[in-house]
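Note that subunit A is present in both complexes that follow, paired respectively with subunit B and with subunit C.
Showing the complex of A and B:
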């Protein structure tokens, strides 16, 4: 990373300190937007390796390993994702490409190497399992914050507790969810999804580290209490402002994905 | 046999690699993330499949459509920007009593400059927007795999080709040159019988198609070209193909089945609409050796049209429909000179297809019901299966291929005695 960028990151550090001093005055919209930004928009782009351990009710384990690349088209706006699978063997070489749009439906493709097939996938099934895990497609690329209404339930020195209620129940399985947002990083440490009064699904950040000035998840877990299954994810080699080319997020990467991280 | 020994050795060595890796997934995954390189990574599967006909076909001794054990291996080696890709398999087929070795891929791939990717060698190629209906995709297919209960991947067959993909501002250019014409692995009577309009009944078993293939010379190579552009999520493509009928739909003057010259021009659009996906594709096929339809030995020029829509009806339940029309050009001329007009295809062939895909049990269970209904020929083909992926190693698939119709000679119904139920067990490693 060049010195210019480093200088920029120091500035960001100062800025966030300033934000922290003022945080008592933040509106709920500002809290959510900052959280959304911290979670899904650190830097102009980013990449990392991920491993998932999927455990079902009976304790049976499955593994997924992939490289994930992201580039923002605009800050807190449209962005692109590329997920390249390395393991297990039956999904190796599978590539998932998302052109995420905030104001219209996402464009999504799945490349199946066995058939050399560029399969288009419909944008509607966002809340279905991502490759058999407890993560939904929407958890990977970020649920559009404009889809929910927010209410600050409580706050203490370290956390905001926020209730989110979907504006429309179309296409969602929960009635509402609650976020526990860490004040100094704006990262949602816990997200609890409810069906009525019943907690049915919980997403937790288990390990968070500072990487290049950005709060970065190293370990997280999603538990589904209805099915008794859970997915543990670990991230490695996170890197920001890599200078990923726009062309990485085009049809070219379906057939010719990057080998490893950039 | 030597090759088989090498393969078995590779299998054993790759399996021992798996055991070591399991340790990475003890409760904590810390500290086990060494630099991983792909170059020592063999993966693949072992599979056994059995398929039994619903009803015997008297042209064959066995009722089996599938009875085979298969070992599939893949690996990739990267060196200085050049990748060597290998996807190979050996299988023993008890229906045809033979062992086979095949490469689904054996290629070198590399980039030239910033915007061009090249792949040279044996490879599988696919394009077009249809779901199990192929218009602009003129790359080799295995029609036994359509019916006999093999995995869907086996619908596509490999060819020795050079593929050049250039990406630039105005359009992506995709050129595939297959120097030696590579026909489909069509239904030739070896495993399934088919209707012969000369014999006026199904033939197969002892009588098999022995087609005359185009002479092996550069001028007889196949060239397929696609220009495509993504305009705000709408994928626009135009296609061209110069080659031959992929199946021996014509005959020589000695009445030996053969592949005639054919040039194709097409276009497709695919995009999102109303929460779902639509696709539209068209193609014009020109029979170069019979432009006016007056030669009964040559398959006529055609036009094909496809429109499809897919959407999610319920979470994890996707439903799609396609409407397909195939129009024979110079139909009246064809009927005038036809040797067996009563067995000719209708001027407009019309199909409705439907796919219902449902996933359950945390995506471990996938139910796939693909159905063809022919409106013009009053027949159907149900291609239904359920797959249970127990874990990263074991996967089970059970399914049926059910074909029925009114008349003995029609497109699908000539294969009605191929109707079968099958079961496959796969171990991935």
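Showing the complex of A and C:
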């Protein structure tokens, strides 16, 4: 699990952003860092309910519903996540715990109540599916921005358009991706992934609202044009600076996860 | 009508020529719209129950037609070495760049995930994203694959000598192009491995290509052959030209009409020209010969022609009608390509008849005096045949008892042979055994579990749940919750929609009643997920074992292997944990982990996302219908002794199964069509001869021919396949011609001679010669088919020659005896 790590760009809004006035004449590095900050580090902690609808090519839907808790260990640094499944009922009580480290590999644990099993998870890369959805683990914890080279393609009054090219093609299936970053929130409204010239995957923020001064995603979607499937995520009851206890993010929570939000 | 047609032909020959030319050109123009269809699925009507189900299953489990690329180590060394594995990686990458490939489902060692244990953690990683650098890395890949039953003997052969890449494609009509591009990539690898490309789509597309070529080669070759034969017999170009024009026009107009009407050209219909040409030629030869015999210098050509047409009209009409009935009877077979074939050959025969009695008189009308003179010189009778045929006649009558006995013995042996007939077909066998598709098929099926697929679909009875869904849906209207029209979605998906809507409502405002309904919907949804139940999975596991014990199947894969594999890696990683979890929730959670790989969608090829339907994938190394039939029967027996849990049904899908279905329908349909054509032709004979006994006698040659031919097929162990099945109609249509001519002419001659011996002696001069000559023209006319690279063509060519030989021989040997025995009834 070498890199569940560090910073990231692909923001699906599990975290959110502090809304600021527009700033002019930023360097590309500054834009990317601000966007990363806006996406993944609003407040000291946060929680919310998430509902995923995975829609296959034929229009059939699968449902995943879970609560997410986050606490920053340090601003723009290490973070902890706890994901507790509520639906479908046969996976209720399944828990993921992630201790995200910037300078070392993340620690990931899993608890499966149906098997009464605690297990550590390891993965060779972060682009595996998150519970069968079109979201990758990397979409959730963030792709390390140091892995890519950036180039500002264009900019208008409202958006920056940035092209990101991976420094190494190992462990990624795309050749490059493009971000459309909203100037006043620094949220990446659209991220398009390409294989050569071919757009094959797209992540979009469909609904963004201001909560406690932070730009907060309420609805987002990832579409995979190769499989014809997509995943829609809706968020509810977002809350920041809740005062979550550190013990929530320990192994003890695996078997005794919080019922509902705090 | 006959007289009007004749009058028109002789008074306005030019108008007839131009008209014929115009219609032929129009038809030829329509031929350019040709659409080749090689999909064996189309052997069944589009709305046929099993076919509709098969397509539903393809959609339900997102199954695609796939090209199979196999690479075999020729040195006898294992494939788990750095070099061959690097080729797998390179080729997989190259294939994923080819347009039209369904990339997410590309199935290769270089595109699948490895699930394993790493220091007590469950680990997901690409099996072989990069080429192994050394032999040690290759050994690690071997060890990983050996732990994953879903890949064993599918991606790497059980003997470890071969690897395979399964290339799913969007449009099977593109498989020839995609296969060619893959071939190009393989050439670029400069490999030491033996590469093979197979899979049904490749076989079909290649077949279509070769069929197209054959239509351009075999039909013209048959035309040339007939031309040459006629030249040998008649040695007069003007004489031969007339039958050739009739044959050409018939073929062009019929093919143009068929293609113009929007019918696709299938393997059967591609043979229409080859069938029509000899049949069309025969009647014209009759008229031309008769005219050449009767015409003397100074005669009025119109008068002579009128007499000839009068004399031949009835037998020609009847032979045409009986052939038409023979082919039209194929329309009773529930196989659309066979129906189209039968219908258009039948129409073609009638068209050839009409052209014969109109075009030939018009043609004669336009010939100059010296041309007519040259026609008269044509020796229609002097030939080798003419010399030895009379002795055949004598032989027949002199040894009546021996001959009858001989035929009884032949029929007996033939009947025995028929009892040995194996009903079997396999589209890959339509290629000759040295064709690269056949070689690939053979090689890969020797190494792997099998390139032929069938699916045993298991589905739960959801009737009760559907009913409950409807009730809740109505109940929810009271809360202002309504679903959009989602009829095409699965029940599980609809339950999910309800859950989403109810929750949205609850989010706006809490409501205890609504909360209860939500709980109920969730309960119903888990009731629907029957294939998460450990008990059900255990039954599937037992069924798979039962199937494998038969020895007929290379491999079965199902949800069970996926569940057990993930369970093992979640637990200790040891063999003892390769088992089904104890609870439904345990199964569901193991599968949630399966979905945390790079290829979560692989799961939905084995089970639906609401877990209400599941599939056992069978890989077989034979695509023979017979083997599939055995598997279906075996499964039925197994399920009778070991019934599935209550409410679960098992049904078949998959191409190999569909082939079996149409084969069954064809056999039943052919028996029906043969029987009805036999009855109709018999009635026609009774009407023609106005005599029950003669009618029966006329049926004798074709009956004996059919019995003999199928007897030979049985004895030789040639499978009864589609082309063979169609032959019965052909025999019926062609053999009866000989009998009609023989009986009709014998009666005519007897009327003049009033003496049986003399009649028979005369019969073995001109009439027997005509019959033999026609038999030879048709039989040899089809011989170009023998060198075709496609087996159905070869089969038809070979057996047509045999049919002609047997039925001519039976006619000439047996009918004289029959007529003698029935003398009292036949000639009065």
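One rule holds in what follows: the second predicted complex is superposed on the first by the 238 of 262 C-alpha atoms of A that agree within 3 Å, B and C clash if a C-alpha of one lies under 4 Å from a C-alpha of the other, contacts with A are read in each partner's own complex, and residues count from 1 in each chain.
In the analysis below, a contact is a pair of C-beta atoms (placed from the backbone, for glycine too) under 8 Å apart; a residue touches a chain by one contact, two chains touch by 3 or more.
Keep in mind that this is a model prediction, so the values were computed, not measured.
Of the two partner chains placed by the overlay, only subunit B lies in contact with A:250; subunit C stays clear of it.
By the touch criterion defined above, A:25 lies against neither subunit B nor subunit C after alignment on the C-alpha atoms of chain A.
Once chain A of one complex is fitted onto chain A of the other, the partner contacts of A:226 are limited to subunit C, with no touch recorded for subunit B.
After overlaying the two complexes on the shared chain, residue contacts for A:259 are found with subunit B alone; subunit C is out of touch. With both structures placed on the common chain, the touch criterion links A:58 to subunit C but leaves subunit B unconnected.
In the superposition on chain A, contact is made by A:99 with subunit B only, not with subunit C.
Once the two complexes are laid over each other on the shared chain, residue contacts for A:168 go to neither subunit B nor subunit C. Contacts of A:157 after superposition: neither subunit B nor subunit C is touched. Counting contacts by the rule stated earlier, residues 51, 53-54, 56, 60-63, 88-90, 92, 114-115, 117, 120-125, 127-129, 131-132, 227, 229, 236 of subunit A appear in both its interface with subunit B and its interface with subunit C. On the subunit A side of its complex with subunit C, the touching residues are 1, 51, 53-54, 56-63, 87-92, 94, 110, 112-115, 117, 119-125, 127-133, 170-171, 224, 226-227, 229, 236.
Every residue of subunit B that touches subunit A in the complex is listed here, in rising order: 25, 29, 33, 36, 38, 43-45, 74, 78, 83, 109, 111, 115, 117, 123-127, 152-153, 155-156, 165, 167, 172, 228, 230, 233, 235, 270, 272, 275-277, 279, 310-312, 315-316, 318, 359, 362-364, 389-392, 395, 428-429. Within the complex formed with subunit A, the subunit C residues making contact are 59, 62, 102-104, 113, 118-126, 129-130, 486, 488-490, 492-493, 496-497, 499-500, 503, 507, 522-523, 525-526, 529, 532, 567, 570-571, 581, 583-590, 592-593, 595-598, 600-601, 603-604, 608-610.
Subunit A makes touch with subunit B in their complex at residues 49, 51, 53-54, 56, 60-63, 86, 88-90, 92, 99, 101, 105, 107, 114-118, 120-125, 127-129, 131-132, 134, 173, 227, 229, 232, 234, 236-237, 247, 250-252, 255-256, 259-260.
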